[in-house]
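Okay, so subunit A shows up in both of these, paired with subunit B first and subunit C after.
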Partner chain A sequence: MKILTHNMMACTKRQCVGRGFPLLLEVKDVSKLEQEFNVEFTKNIFPKLDWKGITMVAAQFNLNLGPITEKSIEDEEFLKNLYNLLCNVKVMTGQLTCPNCQRVYPIDQGIPNMLLKEDEIYQDIQPEQQQQ
Partner chain B sequence: MVRYLCIFVQQYPTFRYRELLAVASMFNIKIWGIDESLLPIIESDVLEISSPFLYMDLESDEDVKKICSRTVLVRGFYRVWAESNTYQGLLDQLANNYDPEFISTFHKDKIWKIEFDSFGRRFSKEDQLERMHRLKPSPLWSSGKVSMNPNGVNEHVVWRLTEDYGLSRDTPELMAERAQEKEKEKEKENEMTTTTTTTTDNQVEKGPQNMYLGILVAKGNRESISQFNLQDRKYLGTTSMDPELSIISANMGHVRPGSFMLDPFVGTGSFVLISSYFGAQTVGCDIDVAAMRKTQTCNLETNFEQLGLLDNLVGVVICDNSSAPWRDGPIFDCIITDPPYGIRAGAKRVGYNKNRRHKAPPEGFKWSHMAQTTEYKVPDVMADLLELAAKKLVIGGRLVYWLPTTPEYV
Partner chain C sequence: MSNNNNNNNSSNPSEDIKVPFNEPTTDKEAYGLELKHVHQIYDVISSHFDNTRYKMVGAIGVDVGCGNGKYLNINSSNIFSIGSDICSSFASISAQKGSESLVADGLILPYKTNSFDYAISIAVIHHFSTVERRVNALREVVRVLKPGGVFLVTAWAMTQKWKGKNYDSQDVMVPWMFQQKFSNGTENTTEIESTPVQKSGTNYQKFHRYYHLFDEGEFEHLFSQVSNIEILSNNLDHDNYYCFIRKLE
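Now for the complex of A and B:
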């Protein structure tokens, strides 16, 4: 899971809507990638990022992005560092924890598992199904 | 503004014009001068009545080239020099419409060739050559050098001569007529009248409805299809999408460099692969981890590695689209997907399965427990997909999805 994916995700429980992010990241195994800086994409994604999540993760990886202002989008050096954090850090094993309900989502082989268990789903279950 | 003739391929007629429009609007290219009375024919589902010829006006060759860099259902754009239903007509037009000096020196210092094509009828190589040579009287052919495949030449003039034999080439009447002829021949053979060998070709040959002589401006992007041949892919599944249809989907979805694209039912990843090829950063989701990661060495990422596109794959996430894991706010530029309809792959979502004994996972098995899944009904699939698109697409973002049109879904 790249940090970009982490930045876009939230707890999937209904009760956590609007409160389930940024997910706390615990890292066991991480791999660094060597992807080429993609300025076009970084500029496109810039306004959609959740900066609370970015600063949280940046601190975790000891990366100093510098002050974030509205002008940062014009700052090539800043964008480069941002891209490195978003796309060149891949969490292979670890877990994500919802800041609201403390639900833990595991990350295995680089893929986060955001599935809830059946008893955590709030959906309209037919009465006869419930009885069984 | 220049008038061009667009020749489509005779494939997926209902998508041809729509794909062209989608690509044009993606590049902010304006198209004028389309004869809208032709559109029902261009887009007809019935191959026998669909025609691949459409005139349109565009700003410049640059715009044409941009469009052709993406569209796969366009064979090419041509600037037409002459149009008639006889060869004499073509020659007359060339002589009358152009300055003799200009036309006789047009190919000077240029390398050129001519291609022949016909719609609605087939010709042998010899006949094709003969037809090209019918244009020889024009002074246009008097200068320049002919080469079919020049190497390292910037300016190669490619002419195209197209004969259009019209739409209804295999009407029931025609087929009946042919069948009758065959029967007559058989009867003749049975009668064994060997002495008289009459030629049956004394019918007057039907000429083409129309002929176009034009210069190629740009070819469509058909070559990219073969790069994604399913048989070349290391990782495949029963639901892998045809490469041509995947490219059309990506074009409809305005996938371009820098886009952020999501496929919530990624499966073996055809759409994310193609979108990555067009420069987007892509995310895929699926409830079934086995679909995305079959084995350590053969999985969704293998195909990206194979084509050198791994940089464009942001990642895959195991999730249930009925409770999607995305935070609030618009995130994605496009969502392209082929939702499960329970035809080739069953649609599932997390929920109580009434055939299971335990409702809740037994104590101590919390981690390794695989969530039970239950049937994901088509209306729910669609409702969740539309809700996802409404909430997570940016303004002006695009949702492209496939819908089966078998009788039960119409």
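Now for the complex of A and C:
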């Protein structure tokens, strides 16, 4: 799981829609990638990012991105650090915890397992759907 | 009097300008026409044109039911695709190819609402076994799509002229002849029904995969129950329906 993926993720529980992010990240093992910095890509994803999630993860990796302002998008050094965090850091082992319901999702071999157990699905989804 | 007024109001000035097209009679004339009406115009409008085209660089999308991840590595330096599959061994196969993949249920995707520029779901929706689940699966993809985002969804068709197959029912079990040499040790799980088959000296285990085969107009019917979308196209090709929709702004 790359950090950009983490930035798009949320808890799968129906009760957490709109509240289940950013998922708290616990990292046991990380793999560093060496994809070449793509400035246009980074500028174009800039407006789509959830900065709360990025700040949270950056702090965990002791990465100081500096103050994030509207002008950061023109700062190539900032964009490069951002790109490296989002696309060149891959969490191989660890876990994600929902900030709303505290459900823990494991990450193993780089793959987050976001499946709910059968009783969780029917406990959470059915009553809400019946209300609609 | 009022008729005249109406006609005047409804006429669009830009439509009044009709540029005559005189078919070129020589190659030199054709060259001149293309120079004046194609090349030189694009020289002027290219930057405006570029601004009106869909921006692929920096697009972020999802592949729901990514299978072995064959669509995840396309243009991966410029676009960011995340694949998910309910089957963890498919997620592993995609991950081994270097793709972003996760294990998730298509009915409850682990993504924020209004997040993605595009979504694809190729040959997945036909594995949901009720109308409600098929509609909910489409709704769930639309939920995570950004307003203006696009979604391509495909499903097997009831008409299988290309493969030359005929099915009696829309809900069918399609066999998969599993070869033991691909075993990952999970095929003997007691809940999975299968029958041993021998064919040309090779031993197979016959598994039965559920498919709901799509009828003409079926995507239109399902999407009529999904709010906030427009269908851009729905075509039948090589025994699959390809439905392309857009989430409204």
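The criterion applied here is as follows: the second predicted complex is superposed on the first by the 121 of 132 C-alpha atoms of A that agree within 3 Å, B and C clash if a C-alpha of one lies under 4 Å from a C-alpha of the other, contacts with A are read in each partner's own complex, and residues count from 1 in each chain.
Please note the rule applied: a contact is a pair of C-beta atoms (placed from the backbone, for glycine too) under 8 Å apart; a residue touches a chain by one contact, two chains touch by 3 or more.
Note that this is a predicted model, so its numbers are computed, not measured.
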Which of subunit B and subunit C A:Met8 touches, first, second, both or neither: both
Touching partner for A:Gly94 - first (subunit B), second (subunit C), both, neither: neither
First, second, both or neither for A:Phe41, with subunit B first and subunit C second: both
Touched partner set for A:Met114, first subunit B, second subunit C, both or neither: both
Subunit B versus subunit C as contact partner of A:Gly18, first or second or both or neither: both
Subunit B and subunit C contact sites that coincide on subunit A, given as residue numbers: 1-2, 4-5, 8-14, 17-18, 21, 35-36, 38, 40-41, 43-45, 48, 50, 87, 109-116, 121, 125
Interface residues, subunit B side, partner subunit A - complex: 257-260, 279, 281, 283, 287, 289, 292-293, 311, 314-320, 322-331, 333, 350-354, 359-361, 366-367, 369, 371-372, 394
Contacting residues of subunit C [partner subunit A, same complex]: 55, 57-60, 77-78, 80, 82, 84, 86, 88, 91-92, 95, 100-105, 107-113, 115-116
Complex interface listing, subunit A residues touching subunit B: 1-2, 4-5, 8-14, 17-18, 20-21, 35-36, 38, 40-41, 43-45, 48, 50, 87, 90, 106, 109-119, 121, 123, 125, 129-130, 132
Residues of subunit A touching subunit C in the complex: 1-2, 4-5, 8-14, 17-18, 21, 35-36, 38, 40-45, 48, 50, 87, 105, 109-116, 121, 125
